[in-house]
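Okay, so subunit A shows up in both of these, paired with subunit B first and subunit C after.
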Partner chain A sequence: MTPLKTVGHATHRIDALQRVTGKAKYTGDIHLPGMLYARVLRSPHPHARIRKIDVSKALALPGVKAILTNENCDVIWGSGDQINQRRLFNNPVRFAGDPVAAVAAANRHIAEDALHLIDVEYEVLPFLMDLEEALKPGAIEIHPGGNLSPNNQRQRQPQIYRRGNVAEGLKAADRVFEDNYATVHHNNAQLELRVAVAEWSGDKLTVHASTQGIANCRTDLARDLKIPAENVRVICEYMGGGFGNKNQNQDFDLMAAVLSKQAGAPVKLEFTRKEDFVAVHGRWSSRQSYKVGVKNDGTLTAIQLTALTGAGAYRKSSCDLAGTEIYQVPNLETSVSPVYTNTAVAANYRAPAYPQGVFGIESLMDDVAYALKMDPVEFRLKNMTRKFRDQTPYTSCGLEDCIRKGAEAFGWKQRWNPNPGSAPGPVKRGVGMAMGMFGSGLGRSSAVVRLDGQGQYHLHVGVTDVGTAAKTTMGLIAAEELGVPLEKVNVVWGDTDTCPYSVGESGSRTTVQTGMAVIEAVRDLKKQIAEKGAPKGNEVLTAMATTNPAQLQGQSRNSFAAHFAEVEVNVETGHVIVTRFVSAHDSGRVVNPLTAQSQVQGGSIQGIGMALHEELRYDKRSGLPLNAGYYGARIMTHLDAPPVQVVWVETDEPYGPFGAKTLGEPTIIPTVAAVANAIHNAIGRRVKSLPITRDKILEALA
Partner chain B sequence: MKHKISRRRFVEGTSAGIVAAAALPAVEAQQKAPAAAAGVPAAPKTTIRITVNGIDHRVEVEDRWTLVELLRDHLELTGTKIGCDRGECGACTVLVDGTPLYSCSQLAIWMNGRSIQTVEGLAKNGKLDPLQEAFIEHDAPQCGYCTSGQLMIAKALLMKNAHPTRDEVRAAMTGNLCRCSNYNHYVEAVMAATGASPATGGGNAA
Partner chain C sequence: MKAFSNVNPKDLKGAASVLRQKGQSATIVGGGSDLLGMIKERLVTPDVLVSLKSIRGLDKVTERGGETVIGGLITLDALSHDPLIRKNYAVLAEAAGQVGTPQIRNAGTLAGNVCQRPWCWYYRNGFPCYKNGGKTCFSITGENEFHAIFGGGPSFIVHPSDTAPALVALDAKFRIINASGGPSGERTVAAADFFKLPSDNPARENVLANDEVLAEIRLPAAKSGTRGTYHKVLDREAWTHAVVSVAAVMEMDGQVCKTARVVLGGVAPIPWRVPKVEAMLAGQRITPELAAQAGAAAVEGARPLAKNQYKIPLTQAVVKQTLVALGA
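Our next item is the complex of A and B:
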């Protein structure tokens, strides 16, 4: 790979100074003159019909300016989406935390006080907490038509993928392995609360949104409010994390806009931390049943997956499961059924369908390897994917190198114990590994680049930078293509009035999609400079590009990873410490090794939390959440976090900006399974449900 | 969820007897909140003296305001963030007379006569604190939302212990959550600020 001048060199963020001095203005820091504060009243019941709602006492409280309920607000959130749409305020309410009313008042205290003055008469309804229960004949229907949520074809049928013939494949196997795995709903838990500030000026709406994508947020707001998109401006200059749950427009943006309209004043709507845990969404839970057919030499003949996933009370995302595609196998069948229950809504969280699916398949494959007396690393090298879904060649694939180089950096050969559980106790050491992959898609995104008469370049990109360093990445790509130092590129971001469409920081697409638009815009600008000469004085040259690359002509572009974990398990207490972690990644060329390392270390450490601690738990009898908050969620802390060593496998990728592929989401995909496999290697028992808590380890050992 | 007890009700009745200290040359904080709007019920108020980043303020606070609310909503110091407002995450960490505290869990009236340092007060005379320099160089902030709190807890640690070990840094900072989970870079940044040599093994080994 040819070294480049700017891309590929560790560069600190262009907005780092603002972030370390407190000057970065996040949405919650916006304060507008005359601004009202809003709070939301939520259902205390998992399922109930609202018989009567009386807001008169709340409205009479001095300082209260507007109240929305199901009776005066029929706005539909996600109105463009047949499967996923729902009203902002629903009746019946379908989970503990479903919004019942929103109040805008002169200050946050009055808004909070007003919530207590709203009288709601509920008719409490029976509720469902469990996926299997919800599908039993005669179960109450959370939505008309039943609790099996529609598949992609809008049928009340499982989402099915098939290739080859699984029955034949299983018949051809020397051995068939079967097992079941369970994963739980856990929360994105980004530090920034959900907050929006909305302001109307005539029929023009400005929303300061905590969003991962200003462009999609704008069009979605316009669609749901039934106003032209050109009347909506969305601004997000700094964003305090989302990990997938601030894509598109969110209900807090919409509520703030409607409240602001009704009150005739700007409105800041903040959700509390508890609301963030129960009322928005986290990663969907799953029940996975696998059958795997294998020859005695370790060759796979078939994989079958039948799964339920927990959509929660409303459908918000695919609720799919991924993972089986990391194996080359001629016969595959996956059947995934998203199910409604009266619990918090599930949707996108960093690689939405992946780490939980990979936990399942990689746990089972680990067992297969041990049963065949094969080194788990050798088993993966033998069976890893060579073509996407066994058919489509990859544009580049560094998976084998991720496994080999990761194993070497980790010291797999020296550390691996072929006899799980045989280490002396009470603190047993074990190692495990797992692999993962993620699509590095193609699609539309735009960029504008200008050169002014003073020789300064201005790059306009519609990114918000959720923490991925997207602004810096875009600047680096522009600087490289322009052949100028980064300082010569002034990056303009985060405002739909000044920035063209960008896909949004979801699906790990910004670098590959918006980055390509940046390159094409710069190429156009350079052409203009060559034709017209550099601008002087007040002159400006402007170039814009919108990429919509043709399909990859029968190829698939994917990023790959292999993670390696070492754990110490105290078999007397069940306590697990991750002592060593290596993350090997093929994301093509690494645009900025410094911030990319942050992504990999951060994603890996997040995944360790998913493996060991995190779960939104419910009391099954009351249907109420038990641990909504950081203490209860037990996300990773400084003391929990091991050092993560990052190994880059920079494949020669022919597409994408300078050969870059997707990175943000793959960083969490193999982590959970690697930790689970390390625990198995340490104690000789397999824990098949997440999170792998002390009680489960002790139970497995009992 | 419906709150059973509002902060207002909790605080009511606890504030009597807090007496404003004699006014020194002080900056009168402007009342930024629209609470003074006509028809809004008056909440119990108390005048306090508080020093923030070396500037003395004499300010009338509602007894129900938390310190972070005073800083953010009324003194325009929004560098201190609210991540949970319930003493769980550490994003709102500030120094109160040199001691790190969660400012969401302190009432403003309790701060009478105290000296507060926030992230805005770290740089001196236009020169960044070594911690801030190191945070930039080591890419400690990802989304940056927890960063102010991480800086203040690290500052408190280094004021007490100029040369901590990595384990001491982790222990001191463990009450400050980072969901981007950039803990490796945070620890390396703090170590670099102390002048410690970088860790071996990719700059992030223990």
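Our next item is the complex of A and C:
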């Protein structure tokens, strides 16, 4: 690829100084005159009907200004459930942590004291914790119609994908492998708590949100509050992370807005860390059963997946499972059934359907490779996807190079032990790898660029920057297209009053979608300059572009990755340390190598935590969570994180801005499976459920 | 967080008398690294906090009459870096240095760590268990992989402290102050007698009465040839309590172990001494074979619950590894 002037050069974030000096105002730092503080009362039961709520004592507490319950607030939180009508406060409550009431008061201590003065009479209902139990005939119904949540066609049927004929494919195989895998609910665990500050001025609402998309948050708020979108302003200048759980509008945004309306004063609502873990959402759990048919030479003939996924108490997202798409196979059938239980809600978390599905398929494919006495790397090179769903050509595909160059950087040939578990111990070393892919989204986004009479460019983009350095990325793309240094571009972001629509920072879409709009807007501006000349004095030239590429001419655009892990497992204590990690990525041209590298390292480390530690645990008899919060979730610390070496495989993507594709989410997709495969290589035993904790390792070795 | 007031007594007697006056509504606070979190969670709801931070001189390490005296208010970080402790009582320096995180060690105190309430997830989530004033232990038939394999019943918590096993291994003495004047105003208790099994009182972990303050910890003079170490198994590399830990102290005569004290953490409601192991080691060279036998002896009599079986091979392995490291 031809090197460019600005894009492709390691560049510090344009807001780095503000962030590290504490000048950046995050939503939690916002303080408005006369602002009230809110707290939420949550269900102490996994399933209960509220017979009566008496808020009179709480309202009588000096300093209490407003209380919302199911009785005086019928707002439907549209983003909270794709299938059922989910209100802000529901009756019955369907999980321990379901909101029952919200209080706004002069300070947060009064608000919290008021919660304890609300009398709620519950009729405790039977509850379900387990996916299989929930589908048994006669099980209580968490939502009317049963606990199998509808598929994409809104039928009470599994979500099915088929190509070829799996029965025939399995018949044609020399060997058939079958196995089951389980993954668990775990939390996004972003650093910034969920927080919103809402203020009304007449019928105009301003929400300082902690959101991954100011534009979506705005339209969602308007929809749920039944007011015109132009009456809603959403501001989020600095954002402290979400990993998918701050897409759209969240219930705390809405609660703050409704409380503020009722109290006639600005309201700040910030959840506690514990609420953050139980009350919003985490990654959905899964039970996966595979059958794989293979010829003796390693050629795949069929893959069949039957799976349940754990939606929790509401259906907030797809609850799908990905992973099988990374293999070329003529016969494929996947059947995924999202199931309701009385547990924390599951929805988007960095590559929502992927790392757990890839853990399943890549664990099994690893076993297949060893059984056929093939090097796992060679097995994948032989069977990796060549076309999307074996039909549609890729716009660009660097998967093979990710595997080859990643293996080389990792030293696979020298490090791989063909006989798992054969090292002497007690500390056994092992290596594993896995691959993954992720669609690079298509859709609408906009940008505005202006040139003023002083020769300064102003780029208006509706990004908040969820940690990806999106503000900087947009500035780099504009600067490159303008042919000016980044300093000449003043990036304006984070406010729906000053920025046009930008796709939410979810689905790893910002660079590919908003980036294209930036290029189009700049091209328009350059045309205007050519026609009208550069502006002088108070003159300003403005260009706006909205791009919405619907098709890629019968092609499919995806990013690809291969991850390589080395672990040391002490077989006497079950202790695992990840000692080496190489992440090879094809995300097209890398716009900013500095922040892109951080993305890959962060995603990989997050995936190691998913592989080894994280699970939201419940007491099964009471249905109450046991380990909500950072301590209990055993989130990775600096001491747990290995150095992650990043290998770039830069394909020239014809449809991306300067050849760029998607990056943020692919970074976690193969990680979990790579770690699991490395543990298998070290100890010669396969742990088939996440997280791979000490007790499971010692049990597997016993 | 429920509102509370703060008292800054100027000496330990003053602290104890506020405690006596206020009864159950008062709680001592040292570093507050755990207590304040518990108050925020409303797990405890004191009206009065009696802060020991205002009392001078309670955070020092001094040598007195052949003993080493450590003020209860010394931070875990200071303790872990104290030259005298590192030289003569390595097991304690290592244990203190492995508590929590640097932030916690900078605030948390030795007395606070010794008296820390359990980290059982039933207790910490407010289940009405023995520790929360109830009449049951939810772990017995619940989620119990982190619970006791020794000394359990009726509560199956494990003692959360890293320094406690080290102090029992060092045969420390605890000086406890109460509000009374004269000789009845204080008592000294051996570390091994300070901690109490739930069969004595399932609501508490030690002998401290409500109006008593753990003031100092006294360590006997280190004998020459004594070495010690603390091995802690964590479920990540920092900021978890011990899944299993081993505090071991040996008095060596050349290659031969004259006497040994071996105390386990993370396996019982109190620091769990293993006298059989200590007897096996006395008078012996610490060979890998002997260490392995000691590991096996350490888990004799373990009574695991449904999900903590793994602690048996784990304990066995950590005892072995610790003794091999120490005897080498």
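The rule we apply is simple: the second predicted complex is superposed on the first by the 695 of 702 C-alpha atoms of A that agree within 3 Å, B and C clash if a C-alpha of one lies under 4 Å from a C-alpha of the other, contacts with A are read in each partner's own complex, and residues count from 1 in each chain.
Following the convention adopted for this analysis, a residue touches a chain if its C-beta (ideal position, glycine included) is under 8 Å from a C-beta of that chain, and two chains touch if they have at least 3 such contacts.
All values derive from a computational prediction rather than experimental measurement.
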| item | value |
| --- | --- |
| Touched partner set for A:673, first subunit B, second subunit C, both or neither | neither |
| Residue contacts with subunit A in the superposition, subunit B compared against subunit C | B |
| First, second, both or neither for A:191, with subunit B first and subunit C second | first |
| Partner chain(s) touched by A:643 [first = subunit B, second = subunit C, both, neither] | first |
| Partner chain(s) touched by A:613 [first = subunit B, second = subunit C, both, neither] | second |
| First, second, both or neither for A:112, with subunit B first and subunit C second | both |
| Partner chain in contact with A:26 - subunit B first, subunit C second, else both or neither | first |
| Contacts of A:631 with subunit B and subunit C, given as first, second, both or neither | both |
| Contacts on subunit A seen with subunit B and repeated with subunit C across the two complexes | 109, 112-113, 274, 631, 636-639 |
| Interfacial residue positions of subunit C with respect to subunit A in the complex | 1-3, 41, 101, 121-122, 125, 127, 138, 141-143, 145, 233, 235-240, 243, 307-310, 313-314, 316-318, 320-321 |
| Subunit A partner contacts - residues on subunit B that touch it in the complex | 1-3, 6-8, 32-35, 37, 39-41, 43, 62, 64, 72-73, 76-86, 88-89, 91, 118-120, 122-123, 128, 132, 135-137, 139-148, 151, 169-171, 173-187, 199, 201-202, 204-206 |
| Touch list for subunit A against partner subunit C, complex | 109, 112-113, 274, 426, 570, 572-575, 577, 612-613, 617-622, 624-627, 631-632, 634, 636-640, 693-695, 698-699, 702 |
| Touching residues on subunit A, where the partner in the complex is subunit B | 12-13, 16-26, 28-29, 31, 34-36, 41-42, 44, 61-63, 96-97, 106-107, 109-110, 112-113, 115-116, 188-193, 238-241, 243, 272-275, 278, 466-469, 594-595, 597-599, 601-606, 609, 629-631, 635-639, 641-646 |
